[in-house]
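What follows is a group of structures, each given as structure tokens.
Look for chain A in each of the two complexes below; its partner is chain B in the first and chain C in the second.
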Partner chain A sequence: MRHTIQVLVENKFGVLSRVSGLFSGRGYNIESISVGPTLDNQISQMTIVTSGDDQIIEQINKQLNKLIDVIKVTDFTEFEHVEREMALIKVSPKSEHRAEALRIVDIFRAVIVDSSPKTYTIQVTGDGKKIQAIVDLLKPLGIKEIVRTGKVAISREGKTAG
Partner chain B sequence: MKLSGAEILIECLRKEGVKHVFGYPGGVVLNIFDVIYGQKDVELILTRHEQGATHAADGYARATGKPGVVLVTSGPGATNIVTGLATAYMDSIPMVAITGQVPTSLIGNDAFQEADIVGITRPCTKYNFLVKDVADLAKTIKEAFFIATTGRPGPVLIDIPKDVTVSKTEFHYPATVDIRSYKPTVKGHMYQIKQAAAAIAKAKRPVIVAGGGVITSGAADELKELAEATKVPVTLTMMGLGGFPGNHKLCLGMLGMHGTYYANMAVHNADLLVAIGMRFDDRVTGKVEGFAPHAKIVHIDIDPTSIRKNVRVDVPIVGDVKNVLKDLNKVIKEETQESWGAIRKAWLSQVEDWKAEHPMAYEQDDVIKPQFVVEKIWEITKGDAIIATEVGQNQMWAAQFFKFIKPRTWISSGGLGTMGYGFPAAIGAQLAYPDRLVFDVAGDGSIQMNIQELATAVLNNLPVKVAILNNCYLGMVRQWQELFFDKRYSSTCLVGTPDFVKVAEAYGAVGLRASKPSEVEPVIREAIKVRKPVFMDFVCDQTEKVYPMVPAGAAINEMLLRPKDEKPAKKRLKAVK
Partner chain C sequence: MRHTIQVLVENKFGVLSRVSGLFSGRGYNIESISVGPTLDNQISQMTIVTSGDDQIIEQINKQLNKLIDVIKVTDFTEFEHVEREMALIKVSPKSEHRAEALRIVDIFRAVIVDSSPKTYTIQVTGDGKKIQAIVDLLKPLGIKEIVRTGKVAISREGKTAG
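Right after this comes the complex of A and B.
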């Protein structure tokens, strides 16, 4: 099963490689990982999307906790939470399809963040399914390039791990 | 007063009570070695290879419980310690390794003798540091010793660039450490401990499986109290040897791949395993699906990741083994009223039957059997010796035929299985205890992997006794080839082995040889008598195998046992001289 795990770590040199090394060294799989600052500039936040059976997920949680620089591990799968990902998609539709591209942007409440005579760059946020859906619709129109941030997640208020 | 980084380092070691550092000099650590030169509190033991330094520090740590300290230069010096770190890491041995690094301004430039040792050792240390500012040095060293010695211990590496050893700052050694993200759980959960006590009281066929955690946490007395009070037989992992007296009537010896028949049978048939400070290594479990199929499992360990990693666990207890056993013994004393003798009678007599069915044995004929050598060492020392080992058959025979009575008398590379470990480790142990008898039970292959440390032993008057079970082969690998590869002895015959007696003499040590069984005892006695390092070359049966043996992929009750009808090997390959 897929799990979204949030890890609070000391904002120190080398921590990301300790975490990614743990996953590669033990053969766990990382679907995405995103890292960013928190309000406390000594602490960074990582959101890791991984998958495995219960026993593997339990090990991943424990192994993360065992890393000296890890302050807290929260497996969001057990809690109500909101997940979002952002994608930037550069499309180059033929002129007869430019209007269709804009319609799709509208439907997904995405925005055009850059345009050129031949391309639009579309910014879309949502959960993984929504992003996949817009990608599927834009594909026939011609996608030149796509970049995705990987997931970030936050607990719903009142339903935190504590 | 301001001190240089090099001075701060030595000052910190002094504050940590470090008397000996095992090391080897080089360009970027010149300033550190220069400070060492000018003082007496911290003695540097110069080994002949950095790997030897790490194993010596490791042996020192296993013998004493105190962290071993290593100091080497950057680049090749640093990469040479990787095997030693990995060995210590696998066996949870406290160690602090200090490596020199190129100056901070050159890091990342492929500078002369630069190696990214922090990157290289990340997966084989408990933690590691690169110190970029002399102002952080003292605090870093304090944290390194703290991390290395607390929780589940392990090696910690500190990489110090040359300019940091030269820069000066005000010296202040912090009195305490507080790392918010590192708080090992040491006290067991009381509810779980009561569950464990209830399980022990209810069990019909319980077995205690004790591992290295018993040694690490100093819980041998508590373990003995538990076993004796509840009359539960005890088997030990290889790392646990010495954690429970090998000559105790409840002791089943070692379990696993080369465990005793009775230990493996007891575990296989148990309805309860009380696993204490062990991690269900694959050499212990054999085929996991077939491991202890009828048993409920109580698992006590300080490392939560050890629990449910390989086997299902019914009662997990995270905590320091000594604390947990103390609490468990108390609960059992106060809350259980079993008449233990009566409820264990049938089970203990079953265990005795297994012991009688296949005791640990071998047949001594006119060629020296390696087991005979180990048994003689046991008889002559009455078990009062520290036994280090190399890796291979020698290690297994030492584990099987020497009855370890006390903790910290067994020094052997378990998790990594590092050939070349035993001799330097014995040197480290001997340095810690100059007046005790320290042996290295060695193979003719393994001893050649760090044989250069003879110089270290001779120069420092460390009278380590090396018993080479010379079978002219990489015996353990040969055993697998004989049993599972149709006797195709690919690269396992050690042609070109030197005359170990002459090697010893060339270094200024003593060399002795026993070629027939009657010479074994006199050679051991002579070796003990001389106050010098000794190489004993025991010319052994080349075909002897380690039994029982659980073949790869089998469950531990599916052992290959000693073929009783096997004719003693008369034909011997010509000894290679």
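Right after this comes the complex of A and C.
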């Protein structure tokens, strides 16, 4: 099963290497990772998407908590959360397909962040399924390049408050 | 100077650990990192933001190219590119500040991805400066939590085509 785990870490030198080393050293897979700052510049936040059975996930949690740079580990699978990622997709549609490309942009509430006579660069945000859906629609029009951030997640208040 | 470096790597076990180990082992700083899939599921793409003088950046490029899992290293500093990141910001404004929070959301073309009687979760995309600007404006209203993806970048065609 796929798990999205957030790890708050001290913003210290080599901490990414220690965390990723923990995963690779024990044979745990990292599907995607995002590392960014928090409001406190002493603390960074990592969002790691990994997969494994309950026992493996429990081990990952335990081992992460043992690292001295790790402040807090949250497995989002346990509660309601919002999960999002962003992709930049550069397409080079033939002239007869440019209108179709723009329609797809509209449908997905994506935005064009760069355009040239031969290309559009499209920015889209959403969960993994939405990103995959727009990629699948744009593919026949000619995708030149794609970059995706890792996932980030935040707990949902709307449902838990009810 | 800050550099945004994209690394295409074979999607092999432990590759993140090898890349981050290269940085930490040599004392190079990683400011942010995003790792995501590409169209080819054998290949992953990392966007690393690092800083250092020309000599250090040259060393980083050389060392990365020596790793067998590394397919291609691109330093975006050398040419026109679009740089973007995404943040999810959970605010808990007092009732008299909720309208102001929504105005800020509008101004930054952000979107609300979750709301509860006491909180809004705001999704915003842009370059680092834009994210910092909205964070600075929302801070006095009460930020409860923030998660940011690392930066991603893609080469700009608009200007180079001219």
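Just so it is clear, the second predicted complex is superposed on the first by the 157 of 162 C-alpha atoms of A that agree within 3 Å, B and C clash if a C-alpha of one lies under 4 Å from a C-alpha of the other, contacts with A are read in each partner's own complex, and residues count from 1 in each chain.
Operating definition for what follows: contacts are C-beta pairs under 8 Å (C-beta built on N, C-alpha and C of every residue); 3 or more make two chains touch, one makes a residue touch a chain.
All of these numbers come straight from a predicted model, not from anything done at the bench.
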- Query: Which holds for A:Val82: it touches chain B only (first), chain C only (second), both, or neither?
  - Reply: second
- Task: State whether A:Ser17 touches chain B only (first), chain C only (second), both chains, or neither.
- Result: both
- Message: On the A-aligned overlay, A:Ile71 touches which partner chain: chain B = first, chain C = second, or both, or neither?
- Response: first
- Item | Most chain A residues touched (candidates chain B, chain C) | C
- Task: Answer with first, second, both or neither: which of chain B and chain C does A:Thr121 touch in the superposed model?
- Result: second
- After superposition on the shared chain, which partner residues are touched by A:Glu58: those of chain B (first), chain C (second), both, or neither? first
- Query: Between chain B (first) and chain C (second), which, if any, makes contact with A:Ile143: first, second, both or neither?
  - Reply: second
- Common interface positions of chain A, toward chain B and toward chain C: 13-14, 17, 21, 25
- Task: Mind listing the chain B positions that touch chain A in their complex?
- Result: 118-119, 122-123, 126-127, 130, 147, 179-182, 303-305, 308-309
- Note on the structure: So, in the complex, the side of chain C touching chain A is made of residues 6, 13-14, 16-17, 20-21, 23-25, 27, 29-30, 32-39, 45, 47, 82, 84-88, 90, 113-119, 121, 123, 125, 135, 139, 143, 145-150, 152-158, 160-161
- Message: Residue numbers of chain A touching chain B in their complex, please.
- Response: 9-10, 13-14, 17-18, 21, 25, 55, 58-59, 62-63, 65-66, 68-71
